[in-house]
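Quick heads-up: structures coming right below.
In what follows, chain A forms one complex with chain B and a second complex with chain C.
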Partner chain A sequence: MESIFDFSVISDNFLQLLIGRYPHGPLGGLALTLILAFISVILSIFGGLILGLLCISRNKFISLPIIAIVNIVRAMPLLMVIFWMFFILPSITGGKIPENTTVICALSIFTSCYISQIVIAGIASIPRGQTEASISTGLTYWQSMRYIILPQGLRNMIPSFVNQFVSLIKDTSLGYIVGVSEITQVAMQINNRTQIHSAEIFIFLAFIYFIICFIFTSLSRWLEKSLSWKKVI
Partner chain B sequence: MIEFKGVHKWFKKLHVLNNIDLFVKKGEVVVVCGPSGSGKSTLIRTVNSLEPISEGILSVDGVNVSDSKTNINKLRTEVGFVFQQFNLYPHLNVLDNITLAPRKVKGIAKKEAEKFAMELLAKVGMENKKSSHPSQLSGGQQQRVAIARGLAMQPKIMLFDEPTSALDPEMIGEVLKVMKDLASGDITMMVVTHEMGFAREVADRVIFIDQGIIVEEASPEEFFNHPKSDRAQKFLKQVLTPMQSE
Partner chain C sequence: MKLNRRFFLVALSTLTFLSFTKQSYADVTEIKKKGSIIVGVKDSLYPFGFVDEKTRRLQGYDIDFANEIGKKLGVKVELKAVTSANRIPLLSEENVDLLICTMTITPERAKEINFSYPYFISKQKFIVKKGSVKSLKDLDDKKIGTTKGSTSEKNAAAKLPNAKIISYDDYPQAYLAMQQEKVFAITTDESILAGILSRSIKKKDFELSSFDISKEPYGVGVNKKNPELLKIVNQTLLEMEKNGKANETFTKWFGPKSQVPLVRDFKIVP
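Showing the complex of A and B:
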């Protein structure tokens, strides 16, 4: 009996799914998805940390505007943030912005705002005595944050970070909407060309996203364990 | 060394410190006692500005603590603080707990800081635990490390906020012994404690505080043998013979 699925459509287009039209055209496919995700994750870690620390700043002229911006962005759908970047960024800079940059900006800003809330909660989870003990020895607020509070807080934040980054990885697929040729876009192109293998193509696409996210969560679990200072009791 | 002049402190409507006048001489060991909620912890927490005062003048080592121009971080390097809950840094080992401030605040080289830390650990009898993490130590051991951490900045003043109250009874002695050794040196100490034996033996002066007011201020002999106020008499009766009171 012949299988209902014919995955030859995947093997025939495998290279295109991996790297798009590269080297004859721009890099795309899985490679671009990973690059978009990687850059956005890095930018959101720093963005989220900075936004989080500014939100809890004792200077209300700094904290209140930042809290307002963070909450506005969190109340918007990601798709809308991507449209914003797509239409607003060029009018600010005056030139054309590559779609990849648009998507990285949108994803980073959006995720930074969520990460900032995780950072705030992580810092709040450290007992007040830790701050008191460190400033009592003459450390400044920032030194205490850097050497005492954040090293402990960041470890508590890892599981929430991972959740957020898994979302981010999957959300790179929204780049499709502004014409970024990441793997979902490539899958759509192949689907449009071959017409009859939609099921196979999208099963494979789901499988790819699962693998990426699975590897990522496994890595973070390992990181969490290796950072544990309580393992030796 | 420490001078309170008409110091008041309010937490919202609660009047925790009421017109405190107190002078602590250099090298003096002052024990602060009083019923819970009397303001004794708040009193010593104002000294290194963990609690800012609401009114009055507080000067420490000639520096006005409540002046907004005062560099509080610099002042705090001269004042060690030991907490009831130890508050060691759980992610750092014993040696790093002690050397962090000398290295980051004073910029002392790692090797030198560790050498001094080892001297301090020897002083508190913890030199064989330098690589342990706080979670591996008993309460008494943690508190001794916390004292060493406070001493690492070579402060002129050490403040103790109920240092033995969170300890199991059999560990209180080892911590009090370290504090006793310390008191025999020339460091100025302010100690909030319920350990009346310690107060009687080590203190130069006992301050009894109730409802934010310094009710009695006397030498240990005088305070324990002939307390003047009713409130101090009642308090002493309760802490010295807890089973028979009421």
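Showing the complex of A and C:
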């Protein structure tokens, strides 16, 4: 019996799925997806940490505006944030912003806002007595944050971070709206050209996303385990 | 109070900064000096603009026109993938110099950007059983299949008030419904219909209608600030028509041997 699926469409277009039109054109495909995801993850770890700490700042002039911004961004669909960045960024900087930068900015800002809430929760999970104890030993507020609270809090946050980053990896696919040719867009290109192999192409695409996310979650589980010996509470 | 004033000053200086930054634009001499022209094209629309399987380069009807305009200017063509949502802002913000991306010429868009003469005319037609339909009247009380939310749906409803329009998710589904005789005909842009028909196993039983219910002319988009470039684009298009290049390009992508065989019944005219 003949197979229902004809995966030759994948092998024929494999290189295009991996690197897009590179080197005759811009880098695309899986490589671009990974780059977008990697940079955005790194940026949003720091962004989220900073936003989270600012949100719980005792200075109301700092915390209130930041809380407002975080809540506004969290109330917007990511697709809109990307589109919005596409128009806002060039008018702020006055120059031409490449689409990849637009998507990285949008993803980082969007995810930072979510991460900030995780950070707040993580810090709240550490008993208040620890802050009080560390301050009474003579540490300043920021020192006790840096040496006592965050090292414990961050470890508790890892599972939620991973959750957020897994959805970030998948959200890179929304870059199509500004014409970024990451792997979903490349799959679309191939599907629109061949038209009769949609099932095969999108099964393969789902498989790729699964592999990326699975590797990522496995890594984080390993990280969690290797940090657990330090766990105090 | 002090804080408010500082905020106001910052806001004011940002605004003045913004209003001064958008001045330069690339006119024809600048494009020539730069040695390259940036053209916005589609990258996933066969056969207008798509990535070739073997070479992984952009190809298609639109890209051939872009190259011809580049040749006329004597500059390199840089292709940039655009989407329907971002193409006009990209042109107005001068991120691209030209748009050749299956863009229909409409009065609303013409307020924002300049259009060249039409270089392609897309017609909305029907797929029907061979020999069953002579004119639009034959379809008026029948069931017609199309896709949800498309302009084809609106056009069909306007032209065939008594017909029952049934909308499917995509065209292959609509075509399947037609083969199962759930609908009498299906309608959308002729290039899509020709593509469906040429890949179908039962293509001998069906045909494209000879009449159409709407015409959508595709034009090259040029920035309003750059009338000189528009003139060169139009000149190139007319020359291509005169020396047969335009016809050749059409045959290359829509000829009888292509995947979407169409008949060229238009000419590029002012």
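As a convention for this text, the second predicted complex is superposed on the first by the 229 of 233 C-alpha atoms of A that agree within 3 Å, B and C clash if a C-alpha of one lies under 4 Å from a C-alpha of the other, contacts with A are read in each partner's own complex, and residues count from 1 in each chain.
The rule we apply is simple: contacts are C-beta pairs under 8 Å (C-beta built on N, C-alpha and C of every residue); 3 or more make two chains touch, one makes a residue touch a chain.
Model, not experiment: these values are computed from the prediction.
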*Label the relationship between chain B and chain C on chain A in the superposed model as either fit or clash.*
fit
*asked:* By the touch definition at the top of the document, which applies to A:N156: first (chain B), second (chain C), both, or neither?
replied: neither
*Anyone got the angle at chain A's C-alpha centre between chain B and chain C, nearest 10 degrees?*
160
*For A:S220, select first, second, both or neither according to whether it touches chain B, chain C, the two together, or no partner.*
neither
*Please name the chain, chain B or chain C, that touches the greater number of residues in chain A.*
C
*Of the partners chain B and chain C, which touch A:S91 in the superposed model: first, second, both, neither?*
second
*Scan A:Y147 for contacts with chain B and chain C and give back first, second, both or neither.*
first
_Tell me the contact category for A:S167 with respect to chain B and chain C: first, second, both or neither._
neither
_So in the superposed three-chain picture, is A:G129 touching just chain B, just chain C, both, or none of them (first/second/both/neither)?_
first
*How far apart, in whole Å, are the nearest Cα atoms of chain B and chain C in the superposition?*
23
*asked:* After overlaying the two complexes on chain A, where does the chain B footprint on chain A coincide with the chain C footprint?
replied: none
*Can you list the residues on chain A that touch chain C in the complex?*
12-13, 15-16, 20-22, 24-25, 61, 83, 86-87, 90-92, 94-96, 176-179, 181, 185-186, 188-193, 195-196
*Which chain B residues qualify as touching chain A in the complex?*
48, 50, 73-74, 76-77, 79-81, 83, 85, 87-91, 100-101, 104-105, 133, 135-136, 146, 149-150, 152-153
_Of all residues in chain A, those that touch chain B in their complex_ = 127, 129-130, 132-140, 143, 147-148, 151-152, 155, 229-230, 232-233
*Of all residues in chain C, those that touch chain A in their complex*: 3, 17-18, 21-22, 43-46, 50-51, 53, 55-58, 79-83, 85-86, 89, 93-95, 172, 195, 199
